[in-house]
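Structure first, then comments.
To keep things simple, chains are lettered A, B and C as they appear, and every chain counts its residues starting from 1.
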């Protein structure tokens, strides 16, 4: 019995590790290439170069590494990209942080409020309105960009934070997600609160939301990454350098360096991704544990 | 269960106001545009009634794009979901270090669009690319030009979507798995049910709402896939990756025929609606069963 | 929940700091759209910054707000959208390749009245065929800043190593191919030629074989694109890459990830004057010597089968938006940017040839620059300067080239399909 469990665990871990290697390999490569000398060719993975020798049992051995591991680590690539004379990368970063935090918070509140009503309250037109939310998700983006742009313009919001924030404050996807989640919460829990005289707002805030940490974390993470990496809307809605977000600001790199400077391209890519990664690593505990807390026994 | 009417309206007011302003009005406006020969800057924007729709139906490149989106969706969604469910089951086990793996598996999904495009352009490079270099280790010549050959390009995009889509889908399935009451499993254990049987009789049925959610949203976003195509293939080679989202984009923004692009968006909308309805019909019974339980 | 509340407060604080910086200070604000903003060479970006600062020093009443838009596709799209919303910048850089879209759609202000009123400004100072790109009858929509013909660059060191004579004006396609063949050395990973697979970089091959993409009036492609001359051109290019292998094919180019010419791995390439900026910062070899030395860079006109070599002229000029609120201030900026002082600084940076005859001729004392200046009269404007609907043509043309090079279509089929697609596209206008 114990032996089979050990074998099974070993198999599970092997699977988990292989999958992790498969998923992580491109990132590791990206990091390595970003540290190669600017303008150097794409380093090969199959060419092994000698990096030095070591003595072992009285004999000299050479040790080799694939060419992809840089010989000299060019951290100056990062300095070069971060402090380009006419790209205020740090400003881009602050813009991205501010916009993303406000949009995510707004989206979670607005969407979950509506979702609560769709899941639990009864009112005339509830289902048709919900269907409207669903339908809006199915409409292809490129065309509504023009009307949305004109609407934002008519409010005089172009090139302001309002233009970057307000159109993202609610998301039909999240309304859908929260509704599905709220629907799976047993009604007994809120019935108890209702008997204690709690109103809907109180039930929403004190019962539903605390029970929905998993959904909040999930939806929050989804929106965080969606907003952080949005490219077209910030490009359209802002004009000046000071209002650009990181994704738009650094996309310049793809255009300037094309396919001929992989090291700097990858440096830029790492710079855009690093904050995402850090934000994720800080929230992931809440995120993965949140799933657990959300379980209703 | 009776509730006071009216409260609900207050709850949905902010979201609905937002929906009206940033989704419904633009859609209605787009519908209006679709009836005009509306080129971005031309002062003359004549009313053409349904001519744009007629053009759409006769446009062989539009149908080519619809077909591309269909085959992209038909492969990427089931494969992506199956892989995600499998991984979710794997990391749902109570074993040491499992949260570390959950974290790692999510990382591909948090990469920015520009960075991912740069990265995967490399992964698919002939000779030096990650895949070809790996193939070379096994004696393959490693000369597959994934993004430039008609036979490969679409599947390269599908493969990439499975990679980037794994995290979110896994988390959704995981949330679904966690929500299944332990008592059900305990009861099954008492009945002496095999793991396989438990999976089919308890896990899957309890995952129906999650599966439905993942299926519908994945299908919709698969049908609208745009960024990877825009960044990596531009619909090439030979229009084999010219998916409908990109096709509509280029109609509006490269050729500036906004009226025609709007008409195409509505045809796409009807198609997506049809598919979503079909999915709903197919899963309706299971969803009902779940609601009843 | 508390975390959420804290985040909101934090965000609002950051937001307040951000907003405070955007308030103006009473000076006339000129919004200026330009592409780039992150040149491959930070030396060049520095010069540009200095030039703009100098303008603000000389004109204390004006506040310049640069709006850099990444990517040429995004530039056109964003500018058009700005225009329908009447939110376009006061000034913009006009690219010859997309000039027609802007001019035909009335985005720009006619500069002729401003020129007439200004005794200091003399249009004769500029190359006439460059000025004409943005001219429509009496109206003029941009003052040229700089321009470049596309030329053939060659690496003299690689020619000397193989004892191949330098190419001469008036060489034919076959002479070019023979030269490239002798310079190709698979053992060293060296190619005779680097083929730039983008339409603005290869359309001249068509012209130099007596063909073209559109009919002379720019109205249709059928009857022009599908002619035998063009089939010959495509067959030649395909043979060069696929059979003779004197130029790397698409996947080989991609898999190297470096610029072959600046890396000393290709002996020739077709490019504009801007390429010199990159040549100056060519990567270095193990001994610290540049892989492409500036003194080794030679320039010659493109090979031709029709006697007289033709090339394309890419140009950028300063234009004022039609709804500009401060035309006088904007005009001061245009004059400054296209005037002799600024032009000389730009020209010395090597990005392009000054559109001013005085500055260009001064620099042409250098023999390489002289070759460029000699090529100018044979350069014609790109189709995008004349045809407003040219944008989709480039996408269709590129599709055509790719399907020929990958062999997924026969040459005749590819030409015929592309021609009918372009006409269908024009028909929708």
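The definition used in the following text is that a residue touches a chain if its C-beta (ideal position, glycine included) is under 8 Å from a C-beta of that chain, and two chains touch if they have at least 3 such contacts.
This one's a predicted model, so the numbers in the text were calculated from it and none came from an experiment.
Engineer: From chain A, what is the lowest number of touch steps before chain C is reached?
Structural biologist: 1
Engineer: Please flag the chain sitting at the greatest distance from chain B, going by CA centroids.
Structural biologist: The chain lying farthest from chain B is C.
Engineer: Busiest chain-chain interface by contact pairs, anyone?
Structural biologist: Greatest count of contact pairs is found between chains A-B.
Engineer: As a quick test, compute the distance in whole Å between the mean CA positions of chain B and chain C.
Structural biologist: 37
Engineer: With centres defined as the mean C-alpha position, give me the chain A-chain B separation in Å.
Structural biologist: That pair's centroid distance is 16 Å.
Engineer: Residues of chain C that contact two or more other chains, please.
Structural biologist: In chain C, residues 81, 84, 254-257 touch at least two other chains, as defined above.
Engineer: For chain A, write out the residues touching at least two other chains, lowest number first.
Structural biologist: Chain A, residues with two or more chain partners: 42, 146, 251, 254, 259, 262.
Engineer: Any chance you could list the residues of chain B touching two or more other chains?
Structural biologist: Chain B, residues with two or more chain partners: 125, 128, 253.
Engineer: Residues of chain C touching chain A in their complex?
Structural biologist: Residue positions touching the partner: 1, 4, 7-8, 10-12, 14-15, 18-19, 21-22, 31, 33, 36-40, 42, 45-46, 48-49, 65-71, 74, 78, 81-82, 84-85, 87, 89, 253-259, 262-263, 281, 283.
Engineer: Can you list the residues on chain C that touch chain B in the complex?
Structural biologist: 73, 77, 80-81, 83-84, 101, 105-107, 250-252, 254-257, 389, 391-392, 395, 398-399, 402-403, 406, 408-409, 425, 428-429
Engineer: Show me the residue ranges of chain A that touch chain C in the complex, using the header's touch definition.
Structural biologist: Residues in contact with chain C: 37-42, 80, 84-87, 94-95, 97-98, 101-102, 105, 108, 146, 149-150, 153, 158, 160-161, 205, 209-210, 235-236, 239-242, 248, 251-257, 259-262.
Engineer: Note which residues of chain A are touching chain B in the complex, please.
Structural biologist: The touching residues are 9, 12-13, 15-16, 19-20, 23-27, 29-30, 33, 42, 44-46, 110-111, 113-114, 116-118, 120-124, 126, 129, 132-144, 146-148, 151, 166-167, 169-170, 172-173, 175-177, 180-181, 183-184, 187, 200, 204, 214-215, 218, 221-222, 225, 228-229, 231, 247, 250-251, 254, 259, 262, 265-266, 268-270, 272-273, 276-277, 280-281, 284-285, 287-289, 291-292, 294-297.
Engineer: Within the complex, which stretch of chain B touches chain A?
Structural biologist: 1-3, 5-9, 11-12, 14-16, 18-19, 21-27, 29-30, 33, 87, 90-91, 93, 95, 98-99, 101-115, 117-123, 125, 128, 130, 133-134, 136-137, 163, 166, 168, 171-172, 174-175, 178-179, 181-183, 209-210, 213, 217, 220, 224, 226-227, 231, 244-245, 248-249, 252-253, 258, 261-262, 265, 268-269, 272-273, 276
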